Structures are given as C-alpha cells and as structure tokens.
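Chain lettering (A, B, C and D) follows the sequence in which the chains are written, and residue indices restart at 1 in each chain.
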C-alpha cells in the first residue's frame, strides 16, 4: 500500500523468569503516522518498546529498521538510529537541572566546552513552546511528576528523529498539556516522523491516532485502522471479552449522589504552606468524595500533602473530628486514620525490590509497629484478595514490584492504602497509567467505599473522572483554592475549566 | 629554607632547651614504653619536649618535623617509620641549623651530615642473637630442626631485619629448616591464630621463632590448647623482653628472649644536651641490651617496668 | 536569568561556603592558639604536605559522584612509589620514562576495575577492595624493604622550592592545583563531567536517556586510577622512596575529604572545590595536632576525632538551618 | 527475581541467594583438603573438639558477630566504620575492670565487666545513630569519627599497654569450651539465631528493608525511619562489643592498639559476599555468615598451605575477585552463553545494585 515501514518487528519474543512478556509479536510503523499501541496493564507494551530501543534484547524475532535487519544494542544506539523515546516512568536525572535533563548527551558546546548560557536559553524556549512555566536551571526534582513528564517529552521531541516513541506520556497531564502535546505530535507527523503512542485514554487515541496495534497477554491481537474499530470493539479486543458495564467508560452516566450531611471528619481552616499553597479552607465529611481540579502545578498535590503531614503547614489550623490537630509527620496522619496515595509511585510510593505482598502490607504493618507483625497467613490473604480485586498481573504475590508493569504497580500502591481502611483516603492521581477496565473497577470501588462512609479526597488530571466521582470539587489555580463547586447534576467539565481559567466561580 | 630561618641562633643558652620528638605511633606496648621513657626523662632533665605521634605514617612524621622547624625547636629527635626517604626534610632541618638525632631506627641517607647521631637497637643484631642461641642449643643434635617463624607486620623494618638476621645466623647449618613462616602482625591474637594453623598443618615443629613477645605469648596459648608443652615440646625464641614474656619464661614457657630495650629516654636526653652544648658525639650509640635465659628472666622479673 | 534561578544556584553553593567559613575560623583559632601558626608558610605547607592526597581525592570525587567508591587508591599510590623506586634505582631507568609508565599503569588498572564493575555488575566496593589487595601485594612481591631514591631528577623535584616572596611552594603543590583546575573544568564544562553527575543521579535513567554509561563508568575509574598513580608520583617526590607500607589507609582520608567537601556518597551531587576544602580541613587538623606538641599518642587520635566531629556537626547544623 | 514462581526445586535452590556463597565456601574448604589431608579431621582432645574446621568457626566467631551488626546497618543504606574501634574499646574496658578488681576470678566481677563494656558500646552506637538519623550526617563520615577517636580512647583505657587478665569466667567467653564446643561458636550462633528471629519473625526485617530500599516512601507509609536507623547502629555497636570481648578473652589480654584493626573492612566484605547490596534494601543474614566464614577460611588457607606473607595479599585479591565473578549472574551467564544475544538479555533483567526499576 504505502511506502515501506520505517520500523518493523517480526515474531518478537521476550521472556522474563516466570513470565513470557512478549510472544511472537509483529508490528509495523510507517513514516508520517501516529500509531497507537494498545493493551491492558501488563499486556507487554512497555516491554515491546524496551525491546525496540535495545533496553532489553529479545529472545527471538527480528527488528527491521528502514528496510534492513538491525540489532539495537542499547538506547544509545537506538537514538543514533533515529529512535527517540519517552519511557513510561519518568526516566530523567532528578539531581540535574531541567535544562540539563533536556540536553544531556547533546549539550550545546563552544570550543568543546559545554555552553551553559546557550543551553539554558534554548531549554527555556523549548519549554515555553509547551507553555510550561518552569525555571530551567532549577533541579528537576523540585517539580511535580507532571512537569517532569513534560520535560521528558520536550527532550524526546527536540531531537529530530525518524521515530518518536511515547509510552503513556499523558498519564498525568491535563487537557491543556495534552492539547499542546498533540499539536506538537501533529506537526512532527506532518514532517514525516513516525510516532508510536501509548495511552489508556481512549478519547486521546481516537483523537490523534491513525492506526493501532492491540496486544493481549504479550500476544498480538491485531492491527487496525482507528476509523474501522470503535471504542467498545477495541476494549473487547484488549481484554478478550465483552466488557460488562462498558457504559462506565468515556463520559458514562453520573452516579446518583446525595451529598452526606453531618459533622466533618476533617476541617482545614486557612491552612497554608509558604511557596506551596495559599491559605485554603476545606471540610470533608465521612462518606463524601471531594475532588480537586486544577491545572498542572496548581498546587493540588501540595494542598493534599498538608492534610497528610507530608509537608508541615506553616499557617492555619487543621481539625480532625473536631479537635485541632497538628500533623507533624505522615505517621501522625495515619494514626488519625488518614491515608495518602502519592502521585509519584516510583519515588514516593513503592519499594522496588520488595515483593507485591510486602508492598501491600507495608503501610498496615508500619501502623502496627514492628512488634506486632502481621501473620504470614494474613499477609497472603490481603495480597491475594487485592491481587484478585484489582486484577494485578502477574498474580504472584512474591513477584518483585520492580518487575511489574506500570499500571500494575499503581494498583499495588492503591491496594496498600485500601487495606488500612482509613477514615480519609487521599488519592493523588490514583488511576495514572491504569487501563480502562481496571480504571472503571477502581472508580466503582472508590464510590462504594464512600457509600460505606469513607471520606475521600480525589485528585486527578482527568476532569471527567473527578466529576464522575466527587460530591464537591475544589478548584485550584496558581497554588490558590479559588472555588469549591457543588457537583449537582448541572456541573459540567466546561464550567470547571472556566472556573480554573478565570480563577473565580461564575 | 626561610621556614626555619636562622632558627636556633637567636635562642640564648640560658633558654630552656626545646626538643621536638616525633614518634612512630603507639602500635605496641613496646612503643608506648619507649614514648613514656622519653617523656619522663625529658621532664627529669628539665627539657621542654614537643611530642608528636605519626600513627605509623611517614608523611605525618615529615609534617611533624616540618612543624618543629617552623617552631624553631633546638633539637629534633625522631624514630623513623622506615629507613628511606628523609633527605628532603632533614635538609630543611639542616638549613634551619637544627641538629637531628635518630632513635631506635636508622635512616639510609647517603648524606652523613644530615643527622648528628643515631641512638637505638639493631634489629638485625637481635635476629642474629636469636639465631646464634639456637645454633648453640642444637649443637649436639644432628637431625633436622623444624622451625616455624611468626613474622612481624609485613614490610616493617623490625620484621625484615629480625628475619634476615636470624636467617644469617642459622644458614650455616642445613639441619635448621624454617618449615613455615607467616606474619602475625606483632599481635597476640594473630600470633595465636597463626600458630594454631601451624600446629594443624605442620606434622613436626621443634622451634618457634617469634619476632616479638606478644606473638610468642599468643602462640604459647595455642600450643597449650593443642595439648603440647611450650618450652619443652616446642622450644620458643622471641624478641623484646616485655614483662609478660618474662613471667612466661620464669614458668619455662619461653626458652630464650632477646631484649630490645625501649627505655632510651635518659640516654637520649644526655645526647641532646651534649649536642646542644656543641660537644662531639659518636654517630652510633647502641642501647645496652641483654639476652635472657629463663633463669636470668626469673631474676630480672621483679624490677621490670614494661 | 531571573532572580529565582540565581537563588537556587546560590542555595546549591551554601554547603561549600559554610565549609570554607568553618575552615577559615579553624585556622584563625589555631593562629591565636599557637605561635608561628599564623604564617603564610603554614598555609602553603598545607598544600605541600597534602599535594598527593589532594590529587587522589580529586580522582575519588569523580568515582563518588557516580555513586561508586574506590578503595584501591591508597594501595595504587604505594605501588606507584614502589614501581618508580624499583625501576629508577634498581634498573636505572630514566624518570622521564618511568613516570609516564607508572601513570599508564594506574590508569589501566582503574580502567580494568571499572570495566569489571560495569560488565559483571559487581559492587565497586569489592572490586576495588580486591584491587587494593592486589596493588599492596604487588608492592611486596617487588620488595618488602623500602627502596630509597637517589636519582638526581627525583631529588631535584623533591627539593626545588618555588619562592613566593619570602615563602615557597613545591612543584608538587602546583601540580596538584593544576589537577584540581583541570578536573573542575572537566566536571563542569564537558559532557563526560555532566554524564558523571547523571550517572550518580540515576544509572537507570542515564542508560535510558542514551548516555554512554559503560564508557563513563570505566573512564571514571580510569581517572581515579590515574590520579592515584599521579598521587603516587608526587608522594615519591615527597618521600624520595618507594615502600609497600606507604599511604596505608589513604583511601579513607580521600573519601573523608570528598565527603567533608559536601559530596554525597550516594552520588549525583557534590563539588570539586569542596574536595579541595575537605583536604585542607584534614591537613589543618594534622597541623593543629603537630603544633599542639604536647598530645600523647592516643590523645592525638581523640583530638583528631573531636575536631572532625565539631566540624561535621557545625557544617550540618548550619547548612540544615539555611535550607 | 522471585523464586516462588513455578520452577523445579533444583532451580529454586540454585536461584537462592545463599547458593553461590555456599558453593564458594565449600570449594575453599576442599582446596585445603588437597594440601592438608586431615583438614576435615575432628577429634576430641581433653573433652574439646579439635580440628581446623573448629578453628575456622572459632576465629570466625567475632567476625560473624561484627558482620551481623554491619548487615543491618547496610540494609538501611548506611555503613559503620567504627566497629573496629568498638571492638578495641569493649575489650579494653572489660579487661581493665577485671585486672583492677580484687578477685578477677569471680563471676560478679566478670559480669560487671561485661556490663560496662556493653553499656559503653550502647552509648557509642547511640552517638553514631544520632549523628546519622537525627543530624543527617552521612554514615561513612559519622562513623569515621568514632573509628579515629575510638582507637585513641581504647589506647587511653589500656594506657597503650596490653592488659593481661587471668580470669576463668572471662576466659570462657572467647577461649572456653562448653559441650565440647568452643563457647565463642555457641555464643555467636546464639546471637545470629536471635537476630534472625528478631528480624524475620517480627516486622523489623521488612521495615528495615523498606527504609533502605526507599526512604521517602518509607516515611510516607509512616515508618519511624529515624528510630529504626538509630537502633541499627546501636545494635551494630553491641555486636562489635561482644566480638571485642571474645577477641580479648580468647587471648586473655586487651590490646587497645591492634584489637579489631581493619575488621570493619572484613565485615563489610563479608556482608557483600553474602549478597547484600551496599545500596541498602534486601539483606541476608545467612549470606553474611557464609561471607564471614569464607573470609576466615581464606586466611586459614593462607596459613595452612603456607603462602609466603609477601604474596598473601595477591592471593587474597585473586580469590576475592574470583569469588565475586562466580557470584555475578552476568558472569555466569556470559560463561554459559554462546554469542552476544543471550548475554545482553541476562544483563537486562538481573537488577544491578544501582538500577532499581528495570520493569515498567
């Protein structure tokens, strides 16, 4: 049909001890197309990408680049071969400045020496193109995960490559950034760059992608034109069955909600922390789901961290069950029945070399203290129960979390906090990188927990999700809580966006 | 060397005598006794002693000597960590007109004028004495004499010299065989550990030669635990002559001990005074050191300070 | 560039400033305490006496910045002195041939260790520990005695003094400073240098960002090996002898200097100038000790520890408060 | 990688982190057998078990103890250089007390001596712990302070001399026998057992590994990281002190200058040989014990097969590096594999100590 593919793999096989991650996968990528790689959590998407870019060596099959068979020894060689990649987890150097993270390996040089001024200047320009407002000479780890994700994208996009691979770049971006990103992707596509795009947001797939390849349990399910396959069919291809309750996907109808009355479990009164969030008020009642909406970097995470004692507030008061309480550490918060599921599973969440079981019981065990260990039987029970409930794969409680797929890691993190059954559950981007099916499950779960009287603070970059779940939505802008909107039937994403934009409720 | 400038010139002779002494370290009881003796004699002789401990590091010792030069002391004395590598700093001292006395160990510098005198024992000599005794002891026997040797810290001067001295003494007669030789780092614990291994791996051991008493004392325990009698089943020759060794000798557990006298404080102070007064002093002064048989040891034991 | 950026940049330097200030105050305390302490020569002697340590510590800084560690440095220094003395004295080789040879040897050794560490994924600690054993062992196989050097060129290097007004420095000191300068440029203005920091930040990320991880790693250990060898050469000038027991425990001094200088042992953050300060701190402590001529052997150790303690704690407290 | 996945028992064994250290140990022992045929021979002599193997355990006992403490410290991502000095100090204190007491032979005297030694160790450990956990000083430098000063303190206590004591109860600890076995072996075995129980049958082990594996996350799940870390240094100091008592009791003399000199290096080496990563996280006490035994066997080997002192170090260097290579999965893979492909595969999913998240 068209010209030959820039990148093609045939019969790729990749085994890990105990797991066959990829089994005879074929895949073609043509110049000037945006190609979606679809599949459930653990289907093998990231592994395929890592094989393509030489991070892993395949145990079988061949990679054909621009017509000739190649053996890509590593990411460096991949880059030299014109493949530029954003891997799933933010893989940048937290200790280096934003500018360096964008340019390291290809720094602008004068007389053979790194030209810092030029580097910062150009970095600033690039960042501005995605209208990001960050100081490029500040170290990367001073920025939220979303900012870091964008920096990774900037880096990958800036190298003029033949192939651009984006593994879940949008998992914690919100509308605006996504729009920016898509604009860039279209531009590149029109320049003939072939783009491989992974995302669990079906709408995004259908908005930007021309074709897609679907993986299931490491096997090739098929290759389709986006136009020929509707969302429902796609999902059933991915999970290999008719998904019950598909209505919950994309938009879906809001669940009936009667905002619980009664005295608040937690009351924040002019709570603030210099440089993080301006003073804000917030009441959360048992059984209530409060959503936080705002643009990236608006201070949602900061606001939440104060309620968990992860950061110390330096103003305002916090009441828990009526009593004024100063949370000096997360430990205090946990003692008061508060749980906080961080948006940054890699650095703030999981312990890579511990097993799934150990990671799941960690929080509970910590609150029991080391003297009272959870009996092994109980640990296994918890682990197995949640592995089943959230469909964590592989379903082996003794697998190292490090080796789980991104989405499955996220599920483990969720499970950890759910077993502590807290009075207030703070979820910061809980569905990051989680596939459609599981996402629906988790949303149902949260709703039910709330019905059973748990208070929930729900932060997500995906506005629909926030709207679907929460009774009330706090809107943040530039680290200020600008409004709290009751989520009665009328509240629309547009209205929330407007509020965010204008910085006031109209 | 502007460092010292016309160092000692401007000090009146009525001025209290200042001696800078740089000690190797405090790696053994022997060394500590040596330090003590020097400090006490200095007090007695009314000499102001600037003491500095190099912790077995030559560079520290060089630094110390430099700072003595800076402080314009009258005489510099030091026991070198190792023979070689002193020319530079000694030249600086010479330029600063500060006389240098070596104690306990010589330096191998070609330029004789760098130090005025060397006061101390001769490790090679000690090794020889030990060997000579052995030759006499076994003059009668004709069969092989299996010797195991506990060496000092590998590379350290006493270890090297006592080894070679001993080897020279016994090489005349082929019946003396050093069947095993390992380092015991001059310590009891190591001495015991190594000896225990020897006792297992060597079918027949007649003599133990230890480079210092601590190792010998450790080895004695090992021998006893192996059910042998130290001093009779296995003859033991050792060097140093510390109190504990004498106690062991008086019980017949050590057969011969070559003294290596750490108490050279008084001699040193004498020397310092002479040097300062400009009298001529011999370039080499041996500390008076004996050798001890069990009987002599038993006799000397009561008034043994270290 | 905006003020905020300037601020962050400055905040990065605070530990450095604190260390410097503490160093100066320590020196002034010494000056009021002891006569003859407050002289330019004392300061210069710091450099002269610690030239070799400084060079070694610079190499160590590279390694530590990548999150590694090199225990072999002390032994390699000793080996370099030994080989130099052996070749020059007992085989009469010309110094101008011996010195490059020694440097090459050190570099190769370091490179090899780096290669093993990376390719076989063995922890740096053990590999370099083995390197340490090997280097010391080789010293003894050459000779257990110390070999003194009488070669005129070496003695010249040992005894030349470059006058600065009424004071003087040794060529070694200048070489050391040169090394520091070069290393500074390499670390902050070359890709290699930046890769070193990236590697320390996250090796996994560095790999995925397509940085030459293996090359960087091996190079870093090669650099450390080179610096150790050069340190050995300087030490040979300083001691005019080769000896298997030279520089025992130097690796700890070097690591201490690096860490005192504010470099994180976990890698990724640190300053080369910090290392310079660290070396000076250790040197100054030694000087104080030797000026304080009344300390008995054990009090020497205790005081060194105490000074170190005070220094570290102050450093921590002040920097912590500023944050 | 998880061993629980459906693999044959054989695979499970070879995959266990203890397998390769064990292999190495066995090989070393067999090597000795080649030189001294009756190396494995054990016979009763005066009611005491007697033989090279016993010696190895006997002299290895202190190292095992020190390494034990070191293991937990390293698990939290720290390191403790001060153990050597602690060894010296505790021995010195105990011997000083005994030698000065009116009747050195009495149990009471010895017990108070132990009390003094262990009590002091407790304080020293607490200092390290506070420096690291509270003041946030880097472990290596925090403990370096005590390493330097502590040696001085030990010499101060012994006045630079060797304190000889004659006290049977004290002699028991390191030199005595009980049920035909050297008491030291039993003692350290007991401590090892206790530690295994303490860490594995309580949640301590898990929490330590979590703190070492990801401090930030550990704080966010409410683990009292500070307290744990401080505690670990105290434990390490106590182990070192006990080892110090053994060493000094074994030769019934305290040597402030040389006791425990450089033992910290051996201990760290033992831990690493045992398969615990210096980056913290997962730790294996069993591995550490094996590591310590490997080291002790190595030095015994040197004595028995009579390697000349000047080449000892070279020999050790080679053994260490060979041991590491054998233990390196990559090396084994390369060794087994033909060609590059298999090589690279293994490299990617054997987690190097540095890369924490190969997956996802």
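In the analysis below, contacts are C-beta pairs under 8 Å (C-beta built on N, C-alpha and C of every residue); 3 or more make two chains touch, one makes a residue touch a chain.
Please read all numbers here as calculations on a predicted model, not as lab measurements.
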Out of curiosity, which chains are bumping into both chain C and chain D? A, B
By CA centroid distance, what chain is farthest from chain B? A
Between chain B and chain C, what's the gap in Å when you average each chain's C-alpha atoms? 33
Inter-centroid spacing, chain C versus chain A (mean Cα positions, whole Å): 44
Distance between chain B and chain D based on Cα centroids, please, to the nearest Å. 34
Note: chain D residues in touch with at least two other chains are 155, 160, 309-310, 312, 356-358
Among chain B residues, those touching two or more other chains are 26, 32, 35, 154-155
Using the touch definition from the top, which residues of chain A touch two or more other chains? 55
Can you name every pair of chains that touch? A-C, A-D, B-C, B-D, C-D
For chain C, which residues are in contact with chain A within the complex? 1-2, 4-5, 8-9, 185, 188-191, 193-195, 197-198, 200-202, 204-212, 268-269
Parts of chain A lying in touch with chain C, wherever the complex brings them together: 55, 74-76, 78-79, 85, 87, 91-96, 100, 104-105, 107, 109, 112-114, 120, 135-139, 142, 155
Residues of chain A touching chain D in their complex? 16-19, 46, 55-57, 59, 71, 73, 88-89, 308, 310, 329-331, 333-335, 340, 342, 346-355, 358, 361-363, 365-374, 396, 398-400, 402-406, 408-409, 416
Touching chain B in the complex: which residues of chain D? 35-36, 39, 45-46, 48, 50-52, 55, 59, 155, 159-162, 164, 175, 247, 250-253, 255, 257-259, 261, 299-300, 302-306, 308-310, 312
Help me check something: in the complex, which residues belonging to chain C touch chain D? 67, 116, 119-123, 125-127, 129-134, 136-138, 140-141, 144, 203-204, 207, 252, 255-256, 259-260, 264-266, 297-306, 308-309, 312-313, 316-317, 320
